[in-house]
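Heads up, the next two complexes both have chain A, just with different partners, chain B and then chain C.
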Partner chain A sequence: MKLEGLKKIWKEYQKEIADNNYFYVRSCVRQNFFPGSETTFLRIMKEELGKNIYENPCHTTCTAIGYHGDIIPLDTVMTVVARQFALMTESGYENLVPSCITSFGLYTEVLDTWHHFPEIEEKIRKYLKKATGREFEKPKNLAHASDIIYKFCKEIAAKAKYKLINTNTGEPIKVVDHIGCHYSKMFPSKGIGGAEYPYVLQGMIEAWGGEIIDYPERRHCCGFGFRQFIVQANRGYSVSCSKKKFDSMEQYKPDMIITNCPGCPMFLDKLQYAISEMEGKVYGENGHGIPVFTYEEVAGLVLGYDPWDIGLQVHQVACEPLLDKIGIPYDLSKKYLDVNGGCLGKPEKANVLKTY
Partner chain B sequence: MKSLVENLFDDIRIKEGLKACINCGTCTAICPAASFYDYDPRELTVLVQNKNEQQLKNLLSSDYIWYCGECMSCKTRCPKDNVPGLIIEALRSLSQDTGLFIESEKGRQQLYIKRVIGGWILKYGYCLYLEGVGTNTHPEQGPVWDWRQKNWSETLKRLGANYKGDGPGILRKIPEEALEEIRKIFDETGATARFNKIEEYSKKKAAEMNLEFGDGLDNEYFHHISTHNSNKHNRE
Partner chain C sequence: MKKIIIIGGGIAGMQAAVKLSSLGYIVDLIEKEDDLGGQVKKWKKIFPYLDESSKIIEHITTNLKKSNVNIHTNSSISFVEKKSNTFRLISNKNKHYEADAIVVATGFDVFDAHKKEEYGYGIFPNVITNEDLEKLFHSNFAEWEEKKPEKIGFIHCVGSRDAKAGNIYCSKVCCVTAVKQAIELKQHFPNADVYCFYMDLRMYGKHFEELYKEAQERYNINFVRARLSEVNETIAQKLLIKVEDTLTSKPMKLTLDCIVLMAGMVPSKGTQAIEKLLKLNIDENKFLAVKQPVLSENESNQEGVFIVGTATGPKTITDTLNDASACALAIHEYLNK
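For the complex of A and B:
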């Protein structure tokens, strides 16, 4: 196919991403599991890229996990979303940037439903007005936080202290990407690369010197499944989904996994531990697992941020093997300290999975 | 009174998610739940498309509608723009609104989700609020999680959080006025009514099953629904 033809096709998989002045809404999952990632994202936005990004302290959960756990009715979740839009409008912003993929998918879905059924939008406006007195404008631009990092990945590369290169071999770091299902499976045109050619993380990895591995179960769900993980009796669903992915990627010997959804890195990290305890199986080299990262952490690493400032100490699978390959220095004696340098003790060793 | 079929087809998600199934089975091929559970979104879509009242009642009372993980992989691939995942969402809403959810092992778990996730939303304004949630109920989380639980606020502070603080930031205290707005939205839009129904029907079922029922997370019925697995859900 001629290059022009390819460019034309690829255009369908691009999306509009605002350049500045973002209204940031946080992720419940990321705040609990990977707090350092949100801190790192805001640091990059403000200190490296000089962007204006604002958070209104009155925003709440969008309730999407409750919605997909089916306890929250559709009218309720849409009205809570409308309230977030109202806070954005009242704060003088029109570019909405959610940290969470489930939220991003929900906002996309709500806007799509209102587009096709304007009478529902009217109903929700009345609900919101009655319950809170608030009114809102819809966002002019909706982009997930990973879209923003993708948009500026070349600027980040220009400031980078490290490249995703294995300093032992001189080869690019081999990376498995995992795109959260609700990023583009529901509305492929709203995600970079759509659902079939996910490029949001691949673009970052390539810009920073690494190489993406395409493998059979690349698009398979991590296994969250909402109620399937939340309720203990159902959790085998989550473990089996993650195992399917690990089994599929193992033969390609990835150096690391990168994710854009807040929940997926938790599953891909913690369930490597669970599988090692259940079956004695470890997927990485030398008894370690395959290190799992959020895209904010990877951006922070290439920019030269201290690994313990971005939160790598809260991962179950040791991240040090990747840091060693790239040549990123770290001080193990500072890994488990508090903000004042006080010692917080150390996690116990796992039975199978090797940790530092 | 409207029939179950009429109620189901009033749901906007049925309008969005059920056009005309051609039985190709693409959804089943891509579905993570279908590879784990004895579940088939193609079969489900055809069954709903039949609009048979008794079949629908049986479906709403069964484990079958609770197997989907709502990953929405089916939406990407259906050549006719059907979305079995959206049909599932509508079925689950109707099952709870009619009280039929308590007739199945998986349906009864809604009380767990209501009290845990629903409880966090109303009390803290977050879908997850994991201080004190340890490896006793989440053994898959492992020793680093245990370490974090022991040092919850210190590790949050180390990573730049504003834990329980005023103003913006990670796991900040969400202002009482904001929580009050969320509660009013719940009252106005049906969430409070659904929560009450889940409680009311679960209490009845607990009595029928002869299990102790109480408020909170520590009673016989609550433990039972969260941990019991009859192991009759998977493919042979």
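For the complex of A and C:
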């Protein structure tokens, strides 16, 4: 790839990201899949960067998961989105920061729809008022949480305890970045780096010492694809999508995968286990899979947070090989302990995929 | 004696200059570059008979030399005003001209293939355009040194008939240009497999269909009705392309050594500049609009300003030269009515 060509595209796709005072909205599924990620994001924002960030407990699903699963009418979707905006307005905030890529995509789409069809916005305002008595202002700034970490990735690098360097070889950690489809594929101008060569995660990895590797199936879906997985009969398609990506990236010997979507780390992580059970195939070194991380987890690791505090014990693919390469210490005896020292329960050993 | 200024020294402007001079007018031909020939000089051979383009330019240049046309290279017009029926123009070199009629022959630019980001032009070294390939033909592939591609793909309709790229029109010449270039590549690399991924094949001109038949039967070029979705690079730095075969409705993946993007025609920067300077109307495709699209191809919305060649839309060389002759006659009629 020609770097000068990429730089030209990256320069074109930049966007305004608010500097402070964020209204944070969590994802429906991330708190189950990778519960440490959102907590780590809030910790970094408050403790490391000193930002004002607020969550409203009345926040609900944005319904995007149902929208992309074709089970919720658009007017209902937009009215729920309007309610989220109302919560932000009532809380005194203007900068909306969704944790979920699909929420970010949905909010972007709804705002764009209202921009082009103001009569629809008026209709939705009436629906919301009638249903809840609420009114709202549209966000002045909408940025995904990964945009925020990208914006401050150099500040994080300045505070970092570890670099994404393989201490055994001195080489940068080789990273596959996987961007959630709804980040910029629908609205390229709303994503850092656009849709074809997104830079949002690459910028972080480069700032923290790692190196992104390109591979032919980089743009391919992780396998979630909503209807591919939510409709049970389609789940074989879901696994085959993930397998296509792993087969494509395997020859580049990546040390890790970084993601910015709730679904992608789940599928790229868990389906390595599924494929290993189905076909006996493992994609990482020494019988391990390729470790998969959220960007908040990676930020937490470079900042020196304890791997078990940021939730790495719930990963299906063992993260320890990467921790060893970077030289991050961890105590295996504490891996499955909760904050009070009680046992979280240990997963059963897989038949093929090697775990710790 | 009446004076005419022609803006643009490509083949349209050159041919119009020859014809107007032969009708007895004083003609000034303004060209922004340091020589005449415009886009045509960039192409080594031209369809459908694979003639050397230099011969075409040479032919018109010979006629131009025999005429009394005043040629001004490295010049462009920066100011125009009209008083009664006379135009006053000033060039970038501060040279003043007077004219009774103006011919706009500012031509086209090749669509910027960078805009189709998913095709990887400017990102992957082995993604080139039709224009780049002509440079390789000119140099006899000196830049490729020992590179001997085994599989080459031509991607038709890049920036043409593409609403996403903002151009819904057909650029008319790319289909047959791809056939021509595919044949030339096979002549240079006889053992290579050459594929043309086309939307439709619009072989409307004389000898176009015959050239297409020759490409299939004599040169074994593979024509696949397909649309490209994305290009990526493999670890061996080959290109992995994903297309949909639109006859079988099936996705396909192919690994190729090189792809050639058949970039279409867009209004040139010169055309856009003169549009503003002369307050000319543009059509739905942003080319200059003629007053009566069916009856007259050359009169603009400004009296005394005529448009010729690809400034009004994609044309072949043959159509451009005919258009230039017709334009000369239209001006002759205008100045003598």
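As a convention for this text, the second predicted complex is superposed on the first by the 343 of 356 C-alpha atoms of A that agree within 3 Å, B and C clash if a C-alpha of one lies under 4 Å from a C-alpha of the other, contacts with A are read in each partner's own complex, and residues count from 1 in each chain.
Note that a contact is a pair of C-beta atoms (placed from the backbone, for glycine too) under 8 Å apart; a residue touches a chain by one contact, two chains touch by 3 or more.
A quick note: this is a predicted structure, and the numbers were derived from the prediction, not measured.
S.K.: Is A:337 touching anything from chain B or chain C once the two structures are fitted on A? First, second, both or neither.
M.R.: first
S.K.: Where does A:5 make contact in the superposed view: on chain B (first), on chain C (second), on both, or on neither?
M.R.: second
S.K.: For A:185 in the superposed arrangement: first (chain B), second (chain C), both or neither?
M.R.: In the superposed model, A:185 contacts chain B only, not chain C.
S.K.: Of chain B and chain C, which one touches more residues of chain A?
M.R.: Partner with more touched residues of chain A: B.
S.K.: Tell me which partner A:63 touches in the superposition: chain B (first), chain C (second), both or neither.
M.R.: first
S.K.: For A:230, decide between first (touching chain B), second (touching chain C), both and neither.
M.R.: It touches chain B, and chain C stays clear.
S.K.: Return first, second, both or neither, reflecting whether A:76 touches chain B, chain C, both chains, or no partner chain.
M.R.: A:76: touches chain B, not chain C.
S.K.: Is A:251 touching anything from chain B or chain C once the two structures are fitted on A? First, second, both or neither.
M.R.: second
S.K.: So, does A:218 touch the first partner chain B, the second partner chain C, both, or neither?
M.R.: second
S.K.: Which chain A residues contact chain B in one complex and chain C in the other?
M.R.: Touching chain B in the first complex and chain C in the second, residues 195-196, 219 of chain A appear in both lists.
S.K.: In their complex, what parts of chain B are in touch with chain A?
M.R.: 11-13, 16, 32-33, 35-37, 66, 68-73, 75-76, 89, 92-93, 96, 106, 109-110, 112-114, 116-118, 121, 125-130, 137-148, 150-151, 154-161, 166-172, 174-175, 177-179, 181-182, 184-191, 194-195, 198, 225-229
S.K.: Quick check on the complex: what are the chain A residues that touch chain C?
M.R.: 1-2, 5-6, 8-9, 194-197, 214-219, 251-252
S.K.: Using the touch definition from the top, list the residues of chain C that touch chain A in their complex.
M.R.: Its residues touching chain A are 114, 117-118, 122-125, 230, 232-235, 240.
S.K.: Enumerate the contact residues on chain A facing chain B in the complex.
M.R.: Per the touch definition, chain A meets chain B at residues 26, 28-29, 31-33, 35-36, 38-39, 55-61, 63-66, 68-76, 79-80, 83, 105, 113, 116-117, 120, 127-128, 130-132, 181-182, 185-186, 188, 195-196, 219-221, 223-228, 230-241, 244, 270-271, 273-274, 277, 308-309, 311, 313-316, 336-339, 342, 344-350, 355.
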